[in-house]
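Chain IDs A, B, C, D, E and F follow the sequence of writing; residue 1 opens each chain.
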């Protein structure tokens, strides 16, 4: 396999944090994400099923959003910790993360 | 309008299709568009009439209706907490839903009175707006006390500038400023199509209500009973208040309907953010799965009978 | 309605814009909303008329039209399989599309007869519903025999409770129960706007039809020929059946149109799940890219001439 | 139509709700659907009238208006570049926006004249189409010279087959072919609902315009001044040209309005792809955040006064 | 680089399986996913192009969905195997998977 | 951990390249992606925030798309390089990539 860093000059590794949760949380979440040090985010509308049952877009209080944040490991850790503490108990939410190679590492 | 009015029939069609698990569904954008049209129509019509009314006459109704908005959830809470054995946040959240109002129910009542040629006080849309807020405050305080954590500023911004309030109040102001002649060029959409738009809206509401039934089965009979009996109680309170305020038969019926209806848009959104421990399924399935259908199919005709009775012309 | 009727002009505008690869496109939610309105309108109108009709008169047409729905795909299949050299699942799937119906085509025929002041049997929307199902069954059986793998229960649920059937049947029931007077308040949307809604719908249909042309080029002339000639054959069968059933000129024309039209919603969805080996591009491009435009631009006026001819007043 | 016309009131409601950061928003699909309806309505109406007009009369207006479309951005560019100190691509892009037109502004002007019972030359919708293109060409050339890199073919395809042009031209052709009688069955949607649809459209435009205000604060006073003064200059040019062409008072006012309006759909999209170095926020916030509200609230009545003045009946 | 398991206390590795396929399959797919042992899923609407040509959302029979499932390796394997066997031959479909760190591993 | 290649028979590793950028670029981007050797792509509509400010779907010139491409490392490298050169300076865009296991490697 090609070593990661060889693929493009200024490639570097960052965390991609993905959060899937209730649309109602959108404003709060984005505030948190920025406050915790991320420089951007991307949102798509989603539907799904988990421990809190089916959530599809038909009825606005039960639709989901899928939020992605590319950031360094420290910020990722902060986001995961904060969300676990503040939202996990009462909201439909999952969070997972993985390593990604980014092209303009200075952006994130 | 009998139960066989096409508007009600569209609701029943939606209910049946939903219960049979049809794939029928209006696109969310269309459903939202219909809601916008209904809110503007109701506001406009109220605003046009309002222009004819001295402002001083509003003071009494505004304050007493606001008071009712504070009191109804205070009555609902202990019933839910001690009779229904709901957890504190759940009881508070459900109580808030029933203290507030449903614009969809109001729209059907408007159409119902129109088809019976019964007029009502023009400031009624304003009462819808006024009833939206107090119940939310009471709900939050019952759930968590006057907590510092609650961001009241942000909350009141969200409630007061929510879609419902802006369109109702905005529509009223436009109708008030433009007057009946000014509004004429836009009447073909906002007035002539009102009933058909309401019919489509109710089709989707039927589908949504049907989708709540499975949750209801899970949460039991108490919620079903509450979703029927508490509105009946509220209707009596609302109707009586209307009478005290010297309202016409139509106005009494309207205030009874408003009192009897439960919120399913503004309150759920506010509760989700401020009382997250409350299970949103409980309140939504009661409000949408029981009370909304009950009011459309049974309540509204009943409240008119009741209003006539109060006015001594019951029939 | 000549080819210059604005409705047809909107279809042509869509076709041309599509062929020129314009970026024009209606939002999917709007297109779906238009479809819902058309289905309800057609159902309502049929239901109102139906109320005037003795039920017994329905039995004959219902059963013979259902029979036609079984037979047409049985004729189409060998033509596709042995003349067209299509694979078995492809031949079966295309045959199923042509045995079923297109509501869009039906709506244009309704508008066409209305603009010629020709009435037709009020139960026609019911025939649309009845024709949806048999062809799907025949198609599946031709493709795979009476296989255990096919989940017939699930399938029939999906077909019978699909959007089209629910709205057509629901609209008919509402029209039937509410009657002409009851439906009046919702007429401004469902009746007065019918033709304009149909025009917008056809604009999008033109764009969609144009997008099928590149697939057609790939799959060749046979499919184009089939997409024109088989509908002509079906129209003769349908028209003849209408005459046998003692229908009026309008009714004969309608049954010819229904027979000649090919499905592009219910059947593709059902085939995709039950006969996945069939290439969906083949049937959709024939049904949407050839037969739909042919029926709108040429077929419908032709079928009226044919109906007049059968009734001995041709011309 | 005074500033208190309900259409303008809807725009003001949107503006206020937007400034107060209400969550109100029309679903994007609905907003797009409204745009489609407005474009078709304007086209249809123009086309019907056009049928009464000898073609030769079009030649003069078409060429001189096209010339105006080339010249206006050439005037705007040096102002922006040397007075406003904008970078070359930014100056070129903003200039292109102001050389082109806004269909929304045109629609309000149509409604305004209609409510004043003032007619205008029927070929005006054609002028909207004609003004869309030249400014884009000039903008690109000013930004990058006649560069090989620009894919002119692809660009002209995108502009000429964009939604706006296709629906306006298509609507005109349909109106022209079908004529006033042929269009009647679709009039309830396209003509009777025109003003109400425009009102909803302006509600959303108000929300969008308000959302541009924060960018404006960042980019400063010059842009605000330009967004008001350049349209006034353009209106004088347009009005004078209308007079030279022998247009009626309504026509002069219309041409002044078209000249004064700035694009916010076709030009931004074209510039983004051909002059990517230009900051799209600058041009959009000027065009949508300043010029559009200015024209709706102040400009349109002003341009009518101006047209009357030019015609020596100023009042 | 920070070792994965250090990022947050209860972090653990799971598979993220992503499937892109025809909307028409939605019901069947979700049934399968649950039957094969996954505890949830997330869906977004998508369009795209692959070996079976362009699939955009304009025309309902040719729109795509993008389904994500977070699950353990065994379930991921089962899903991939089942889909390959039942759908690959006749439907537009791709499936890929990667490792992700999850915060509440007991959920998946 | 289960070794990757064991999960399913014909599993193999490819790159998943994700690009988030302005909707206006869609046509150009897809042309590029195909020209650079990818055999497919998937698009979802998105909104977000980054260095060029908030981009939400309300106003068409400021909406985002999220494009995913599964391809081999060489194509991924070509895409990243091409986009960096042609679009990064003037457009809102981020690009990241990671390794994914694919089931029908011959497709990509």
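By our rule, a contact is a pair of C-beta atoms (placed from the backbone, for glycine too) under 8 Å apart; a residue touches a chain by one contact, two chains touch by 3 or more.
All values derive from a computational prediction rather than experimental measurement.
Where touching is counted per the definition, the chains common to chain D and chain E are C, F.
Relative to chain A, the most remote chain by averaged C-alpha coordinates is C.
Think of chain E turning onto chain F: fitted on CA atoms, that turn is 120 degrees, to the nearest 5.
Seen from the Cα centre of chain D, the chain whose own Cα centre is farthest off is E. In whole angstrom, the spacing between the mean C-alpha positions of chain B and chain D is 41. Taking each chain's centre as the average of its CA atoms, chain A and chain B sit 37 Å apart.
Shared interface positions of chain E, defined as residues touching 2 or more other chains, are 44, 98.
Of all residues in chain D, those touching 2 or more other chains are 27-30, 188, listed in ascending order.
Contacting chain pairs (ordered by label): A-B, A-E, A-F, B-C, B-D, C-D, C-E, D-F, E-F.
The touching residues of chain A, when paired with chain B in their complex, are 22, 24-25, 28, 53, 57-62, 87, 89-91. On chain B, the positions that touch chain C within their shared complex are 4-7, 9-10, 13, 17, 20-24, 26-30, 111, 115, 188, 192-193, 195-197, 199-200.
Only residues 13, 18, 20, 44-51, 64, 66, 73, 76-77, 80-81, 83-84, 88, 94-98 of chain E touch chain F when the two sit together in their complex. Residues of chain B that touch chain D in their complex: 27-30, 32-33, 36, 157-158, 161-163, 166-167, 170, 173-174, 177-178, 182-183, 185-190. Residues 25, 28, 208, 211, 265, 268-269, 272-273, 276-277, 280-281, 284 of chain D touch chain F in their complex.
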